[in-house]
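This report concerns only the one structure given below.
Think of it as A, B, C and D in the order they're written, each chain with its own count starting at 1.
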Amino acid sequence: MLDTLVIPLLKIVVLLNAILISVTFMVLMERKVIAWAQSRLGPMRVGPYGVLQAIVDPIKLILKEDITPIKADKMLFSLAPILSLVPALVAFAVVPFGGDELFYIADINVGLLFFLSVTSIGVYGIILAGWASNSKYPLLASLRASAQLISYEIAVTMTLVSLILTAGTLSMVGIVEAQLADGVWYGFVQPVAFVLVLIGALAETNRVPFDLPEAETELTGGFHTEYSGMRFSLFFLAEYANIIVISAVTAILFFGGWLRPFPNVEALAFLDLIPGWIWLFSKIFLFLYLFMWIRATLPRYRYDQLMRIGWKLLIPIALANIVVTGIVKVLV
Amino acid sequence: MAEAIAFYTLSILILGLGVAVITTPRTVHSVVFLVLNFLCVAVLYVVLQAEFLAVIQILVYAGGIVVLYLFVVMLVNLKRQPEEHQDPRRLAKVGLGLTGAMLLELAAIVVYSYSREPSSVTAPSPAFPVQGNIEQLGWLLYTDYLIPFEVASVLLLVAMVGAIILARREL
Amino acid sequence: MATQSAPIFDTDELVINMGPQHPSTHGVLRLVLKLDGERVVDCDTVMGYVHRGIEKLSENRDWTQIILLTDRMDYVAAATNNLGYCETVEKLLGVEVPRRARYIRTILAELQRIGSHCLWLGTHAMDIGAMTVLLYAFRERELVLDLFEEYCGARLTYNSMRIGGLPLDLPSGWDRKAREFCDVMEGKLPEYEELLTNNRIWLERTRGVGVISAGDAIGLGLCGPPLRGSGVYRDVRKDEPYAAYDEFDFEVPLGTRGDTYDRYLIRLEEFRQSIRIIRQALDGLPEGPIMGKVPRLLKPKAGETYHAIESPKGELGYFIVSDGRATNPYRFRVRPPSFCNLQGLKPLIVGHLVADVVCLIGTIDIVLGEVDR
Amino acid sequence: MTDDPKPAGSAPEGPAKSDAAADRPATPQPAAKSDEAAKPEAAAKPAVPAAKKPAPKPKAPPEPPKGPEDPLPPDDLEPPAFLSALQQAYPDAVEQLSYWVGDWTVIVRSEALLDIATHLRDDDEASFDYCSDLTASDWPPREKRFDVIYCLYSTRRRHRLRVKVRAGEDDPVPSVTGLWPAANWFEREVWDMFGVKFSGHPDLRRILMPDGWQGHPQRKDYPLEGPGELLLESPMEWLRLRNLQDEAEIE
């Protein structure tokens, strides 16, 4: 009873709160990082260096009026934000934050596939939000979103197949253990796959340069144009939770998760003094920073170019990568 | 016991959602019910300890194919009424035929399962050289069922090429 | 093989209103776009939301009062508006403007060009999604505004010229600051270029987008960078020199392909040429009066004239009719470059995607205050 | 939509602001808002006694100006070659040449406008391929009260010319949109602001004013204050009337 119910529940509660709080601070971090990139200060008024902005922002969003357009499809309009947030949170279930059982909720043998399938559900939130708003710009955005997410999902899944071939398992913990056994981060073994997954991650989280479904300057906010208040912030929560989970998964798959750098080099053994979860968190942090950095730097792709990259570039490369990985695996 | 409760709850849910899919007046709603239906089916697979199938069910059907359904449903303007068919009782006939086929199939299943030894259902296939759900599945697919598997993939490829040719007016 | 079959479903064209409240229409411009998927098949441009009747108002104001009305047209380039108007009236009056005043006018006009192009660069890049460039460009535009503030006290609507000359001489130390600004600006240009010019995404978004041939551009009456982007050598500063432009050495950058990328490169090059002109003008700034001999009561002889200058947006022309009796113009007409360039928008965007629409609105660089007047 | 505003105080028009306001009736023009209403008045009322020729003539200060000066070129100034050629090619159509502060203007008859414009565009000497500006000016006392002015420029020869056409309220001017696509919006603006009709224009709609606007604001007899007092005094009532009108249109 204790092992099967209470402890997992406790873990879930802790993790959920951690995610929600870290999202608010991530927004602050994003504002600060982008501000520094643009030679300005960012939020400075609330608390020292604007730290408390992370608390004030959610309060403001909760207090705002929640508007449902008259002509919207009320059921789907309310369902959509939930549909987009829940999968992002559920995906954390299989993300291990350390090798010990304490650090993950579940280690299932189809962990990676579970992650992929759950995140693929998240697109419904965006599509239905756009459709249920009964407004033209959101509709365009949701069309874009559905096309974009499907094509990038295929590319990412294909790419991960080559990683699975290398690791020989679908379990997240198993993949890290395989990296430990091989003595190398898979980022160095599968650099092509890493780049493809990174691009796919940007596209799946709707981040610049692939933020077409929101594209403020084209579609005036895209699928969440008609949303306000808390429902609007649920979309934001979902987006940032997605970024965190994708950063975590990328760190686990390609950068050894909680392993120290160069796990096979004995001379660096003193690095093991630092606990594994700190290694993982700093890797996640680096990825988060990378996401923000990219947002501050790059322009946005156009819809057809995005689709072209997905179908004509990423998928063929991913397929070639699988073949090459398979051949190497057979030969070595 | 718990398994039985889960099974019957899920079955009721799946059937109820299935009815909802065909009775909802709005197409988008019915697609949403379809997604929920698929998710319930996936949970059913998990109860049957077929995790891989469950995950694939979500990834392919819920996450991929139904998104395309939605895409089409949102794009296409369905305001126009379908034209009146010459035979007003066509639907009834088709429904009768389908129901008959369905009932026949069910009867065949019942007869078949009772006519066989009950032990043969639970007896596993010959021992696998590998451990684990996915590994066993992969092993089976690439040994015993290699030819059906390849045939299925070729069939899908042909379907894909056909769809592309149909969709593009000129090549 | 083409199969002729009736469509099973109705496919409606989606009509969307882009604007008048839209983040990328640069003001209250409204585009009624007919979309086939995301492709624009037709476009109707609706404007007039900020029509204040400046032409009508000006016909009921004193010759000098009009200067501050011209500020309100292209409000990101108020000084060039002033310049064009004052020169037109001077042409009607036959007033000789002192050389120092002409030099200072040139400096102000070129500063204004830099300021206006900064705003264009920032918003254009922002439309395509590169948000950092906006902040960078506005950082430099701030310096331009500071210079103007020190010169005439205003930061946006300058009222910085008078018929016959200038209201004020340069404050002491202003020329040093202007020189410093030139150095700063020259140093910042590579920053913009680094972010955009060779950026793959930027290239994909702008190359081959909104191509217009030289013949079409002339026919449509495009002016300024959109015209030069198509390779037409047309710059009022060179063709019909005004102020002191005939005394300076500068080049007119021309495009070859006539696409958005060429127009972008041209404007970046114009930054450099403007800096060059400002430096030459500061070096050769003559001493002397800043006001010519102008009668106290302005009553130009009856007659009419059209005079054009090269504003940052293109050919800014004033057509003024004086009836020789009143202290106000009988007919006051502005040929607004934004208006003419906006007319070229429809041929540019039809056939492109929605995402390109914002990119093309950015590339023609319009100010709705000037379109609507 | 609106009533006749009848501004009580100062005269609304520009030219009326001269010192001679006392000599004239208090409100020279009742500032009619709709062109239909203005038509008979404008044609009949001023009844300018003298010849309406806009040729140079002694000034008559109290009267509103009867037309632009259009000064003749000085005798010692030779017109550019393309102008002489134009005069020879269309001796009947060219009414007058004018020169003022360095600008050449040619006044032509509106019937021959298209021919002359085509000639100016295609003739190698002239090659005016760029329609720089197209506008109008309003001289109410004149019978053909509008001047439509085409500012042409040649990107090849780098010279300018203004072509001027006189038009009355009812006689349309041929549209030059087919020659210079740039003229499209310019002509729409002239229609919007002055009510000059252009025959053969593909899309003659209002451009700056709202679609349902009454009258043409740039006319000299249009009051500076705008359409009328109802909008200013009781905007709600005005809005109500307007909405009524909209509903009527929908039905």
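To be clear about the criterion, contacts are C-beta pairs under 8 Å (C-beta built on N, C-alpha and C of every residue); 3 or more make two chains touch, one makes a residue touch a chain.
The structure presented is a predicted model; accordingly, all values stated were derived computationally and were not measured.
Inter-chain contacts peak for the pair C-D. Placing every chain at the mean of its C-alpha atoms, the farthest one from chain A is found to be D.
Separating the centre of chain A from that of chain D, both taken as means of CA atoms, is a distance of 64 Å.
Centre-to-centre separation between chain B and chain D, using Cα means, comes to 74 Å. Chain C has its Cα centroid 43 Å from the Cα centroid of chain A. Annotation: 27 Å between the Cα-based centres of chain C and chain D.
Here chain B touches chain A in the complex through residues 26, 28-29, 32, 35, 39, 51-52, 55-56, 58-59, 62-64, 67-68, 70-71, 74-75, 132-134, going by the rule given at the top. For chain C in complex with chain A, the touching residues are 14, 16, 22-24, 35, 38, 125-132, 135-136, 139, 195-196, 199, 201-202, 204-205, 353-358.
Considering their complex, residues 47-48, 51, 53, 55-57, 59-60, 91-92, 94, 216, 218-221, 232-234, 239-240, 301-306, 308, 315, 317, 319, 321, 323-326, 328-331, 333, 335, 339-340, 343, 372-373 of chain C touch chain D. Contact residues of chain A toward chain C in the complex are 34, 37-40, 136-137, 139-140, 143-144, 208-209, 211-212, 215-220, 295-305. Chain contact summary for the complex, chain D toward chain C: residues 14-15, 17-18, 59, 61, 65, 68-69, 71, 100-103, 105, 129-133, 135, 137-138, 149, 151, 155, 158, 160, 162, 180-185, 193, 206-210, 217-218, 222, 224.
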